[in-house]
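After this come two complexes, each holding subunit A, first together with subunit B and then together with subunit C.
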Partner chain A sequence: MRRAVEPQFGREGVRAVMAATFFGEVVRTPCRAGTEDEEEEEEEGRRETPEDGEVRQQLARKREVRLLRRQTKTTLEVSLLEKYPCSKFIIAIGNNAVAFLSSFIMNSGVWEEVGCAKLWNEWCRTVDTTHLSPTEAFCVFYHLKSNPSVVLCQCSCYVAEDQQYQWLEKVFGSCPRKNMQVTILTCRHVTDYKTSESTSSLHTPFLKALKTQNFREPPCCSLLEQPNIVHDLPAAVLSYCQVWKISAILYLCYTDVMKLDLITVEAFKPVLSSRSLKSLVKNIPQSTEILKKLMTTNEIQSNIYT
Partner chain B sequence: MASQYDRAITVFSPDGHLFQVEYAQEAVQKGSTVVGIRGTDIVVLGVEKKSVGKLQDERTVRKICALDDHVCMAFAGLTADARVVISRARVECQSHKLTVEDPVTVEYITRFIATLKQKYTQSNGRRPFGISALIVGFDDDGIPRLYQTDPSGTYHAWKANAIGRSAKTVQEFLEKNYTEDAIANDSEAIKLAIRALLEVVQSGGKNIELAIIRRNQPLKMFSAKEIELQVNETGKEKEEAEKKKSKKTA
Partner chain C sequence: MFVPCGDSVPDLSGCTLLMPAVSVGNVGQLAIDLIISTLNMCKIGYFYTDCLVPMVGNNPYATAEENSTELSINAEVYASPSKKLVALQLRSIFIKYKSKSFCEKLLSWVKSSNCAKVVVLSSSHSYHRNDLQLRSTPFRYLLTPSMQKSVQNKIQSLNWEEMEKSPCIPEIDDSEFCVRIPGGGITKTLYDEGCSKEIPMVILLKFVSEGDNIPDALGLVEYLNEWLQIIKPCLQCDDPSASALPWKMPSSWRLLFGSGLPPALF
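Let's turn to the complex of A and B:
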């Protein structure tokens, strides 16, 4: 909710507007109403040279999202959910959500890898964009061998804004099935959580949910309040599901530790009682052991904090 | 709004925050939990041990350090910052002893550490120390002391406190369970420290380190076996207490 307060000219001569946000803090936002002079100057700059075009094409190729089968190294011709239709689609985005699925869901049966999404952007640590090594697959998709209508995605890389639409097209396709339920798990730093309460009263980590209109079940935690918003791939998936009237819910864990952390992973436990995941959980004590092993191998690496 | 005022340590935000100091306090939350208890005749420091690599020498990863024969401290936060602060505090302890021929009081050395930390919140080009410390010991008058310092340079005396990751949970436990009975004798105080730590330490005794100072005695670090014994005893007492409760309700 923004109200324009007064217009001002910034350094570039673009009109900027001082606006008040939900809590009343005044911020500077760019104004989309331009002037006539600006448009003429912009048109001149827009004319592209052939070299510019080539560079742009190379960049687009580099940033392409590819969906392939690792075993055969072949690209999937159709979208993943067209090739492997499912009734339950569970997506974990971020290392804590991925660790949660690995420990609590993936030990409950035999999961077969059905594909992986390979992409590159500035946040990726690998330089080589052409060769995919087993440890560098970024988004891996599995289905349960005993019940192939359950598909799971573990996404531990950052999918940039320009790649999110490609990812959605390659995974969901252009005309997705409506009779499936999508569950998304992800984390966000608690400093992004906006609340009128004092931050020292927040008991992190805590879970919040955001769902599409077609999602009828009660969520496993309280809903995300305004003016908080969801970002990046989780937001893209949820918006896609809302547009296509797919039943979907996002469980967002606000935490103060963004690296792999036991307490943050365990904060997702209430989600195990949801209809999607209840039938997939078999042995919680064993899952807790697997999680601890995951943690210790990770914790040993850093000596910065004691 | 914060991003305009959080780059330089010497700049206040319009609403009076020093964001770098507050961010330093976040760094403290990344260190593992430390709990300190002041008993009647004993002071106890318990820490959650950090996991050590297979090839790493465990003795070089220590959270509890002696500053002098009668004072010790445990920290949570940036390891390297702690090393620098401990080193300066140790030198000050000896310098004080040589100058005035008396060992430092716990309050004196705490004030020294706090003053050092405060200087780094007011200097250009330096960042605050990213550690909080619990300093325990006995003065010449035989009274046990427990002090806590934080990155802003404040220090306060406590009966019991916790710092580091999940400190809030431990503090809440201590507020409920720190009673005169709980610190009636030395072993009760030690058990209270262990129970407080077990609220947040996942894998039990093998991830706990414990140190105590008794009146007129030097610092004693518990061995792994002694800790295991204490943890088992605490576990048994907890089970018995729970059985009694369930009998009462039945």
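Let's turn to the complex of A and C:
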């Protein structure tokens, strides 16, 4: 059992709860309810000077999500789906999901880029937020030239929690379209999966699904059981769809390899039989070849000596 | 903003709104889970907001295969029309700097829905207690001035302890005294806003430490039940083997401390 000891000021000058563990070492016990930030916030609010407010506003501006058309270098004035209404919206979040869509869906048909979400947060690798080169583009939107009602999003970047709602607003807008079906693909590390057996005994990768009330088709895999939950952008998109009664499904691949991995990407294959994606799949053997090439290119790039 | 599940906005006038503050040990949230699960409350809508970290999962109160696939999000509203009870459940923490905005939006909704009163279930760091508090019950209450006289009288008849005031700035000797709720999250803000906006509000909290807070949550709902009588207390004391806990734990309370352990560990 932990014993709480007298609170002290930690390195950050914030009151920290210190606790002695059974073995006598003193550790900081973070509050699960995330309330330490609240007290800090309150105190900051009282002490905040106009300069502090200015810095905070500058940081908020730097973290703003901007939607633009790279071809014309212009910002979109309305939300993306207002400008490009669609009946199918498919989004891949994370490198493995993105590789899956690139190899199995985008390999056929002509996909035209319609927009790009530009954002900055602490997880971004690029420092220059004004000029995005093609390899640095994080969140790109395409529609199928032969059927523009199919919109696809490749999101390789991490959208931070203070940016997720902004992203939703910029993409979906404030007038939700009910007659649209949304498919979300993403990965999580298998250690996030809660099960009564040990996670080390699970056969990874495996697929789980979460769907909104209005999604009527049978999913391509079993549903994610409680007490498992999903966070981040996939959760933000699915929540939006649930609240505004949009048909949506999230396919979640639990894997023990978070970097680009052939087996993880191929774990998404059952999704190809879903109504949303079936009509877009053309040549699976060719897709597998494209995927293998993607893996090889990535391995060369990730040489630690370059 | 409140978004109903169905096509029409349900009428909440005259109802008691129960809600948690995201606080130490998540005790308020656990308590609300117990209430929703025990009373089998049905979901009537969502409190869609950009102030809380997004999260989704399947129905945390599922009792069978059929009702296990309903999607839940981070802020949902449940109702028990027969008891004129409405419960708001919050399942994630606030996005930085958004807690005050959330309080404003929430209380604005409370006012416009004509709820009779709001009950906030919360908790506070037990290590902050002074000597007197250490020796007394761990439960405390607070009422806003606009809380009905009848409720004030009822609470006084229960011999409950009101949350004591403490020095606003503990380091200064002659500091003013005010109500402080360390570890209480938005509890203090809700209380202050409740006072200034003349909202009938009761705060019920328990002094707790982080750990297995299920017993704390059970304690808090029993404390609430002393007043609101949500469920009839168990009077069958002649059978010692009968469970004295009439509160039903939701199915999602499994694996609270993680997955099973690898056998190779031992």
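What to note about this one:
The rule is short, and it goes like this: the second predicted complex is superposed on the first by the 252 of 306 C-alpha atoms of A that agree within 3 Å, B and C clash if a C-alpha of one lies under 4 Å from a C-alpha of the other, contacts with A are read in each partner's own complex, and residues count from 1 in each chain.
Note that in this section a residue touches a chain if its C-beta (ideal position, glycine included) is under 8 Å from a C-beta of that chain, and two chains touch if they have at least 3 such contacts.
This structure is a prediction, so every number in the text was calculated from the model and none was measured.
Legend: residue contacts after superposition of the two complexes on their common chain; A:Ser196 is shown touching subunit C, with no touch to subunit B. In the superposition on chain A, A:Lys211 makes contact with subunit C only, not with subunit B. Contacts of A:Pro227 after superposition on the shared chain: subunit C is touched, whereas subunit B is not.
In the superposed model, A:Leu294 lies in contact with neither subunit B nor subunit C. Set against each other, subunit B and subunit C touch different numbers of residues in subunit A, with C touching more. Once the two complexes are overlaid on the shared chain, A:Ile184 sits clear of subunit B and of subunit C alike.
Of the two partner chains placed by the overlay, neither subunit B nor subunit C lies in contact with A:Ala97.
Shared contact residues of subunit A, touching subunit B in one structure and subunit C in the other, are absent.
Residue ranges of subunit A in contact with subunit C, taken from their complex: 1-2, 4-7, 17, 29, 31-35, 37-39, 41-42, 45, 56, 161-162, 164-165, 193-201, 210-213, 223-233, 235-236, 238-239, 242-244, 250. Interface residues of subunit A facing subunit B in the complex, by the touch rule stated above, are 25, 27, 203, 256-257, 262-263, 292, 296, 299-301, 303-306.
Of all the residues in subunit C, the ones that touch subunit A in their complex are 3, 22-26, 46, 48, 50, 53-60, 62, 68-71, 73-74, 92-97, 99-100, 125-127, 182-186, 188-189, 209-211, 251-256, 258-264. Interface residues of subunit B facing subunit A in the complex, by the touch rule stated above, are 1, 26-27, 29-32, 50-54, 56, 61, 63, 75-80, 82, 165-166, 168, 202-203.
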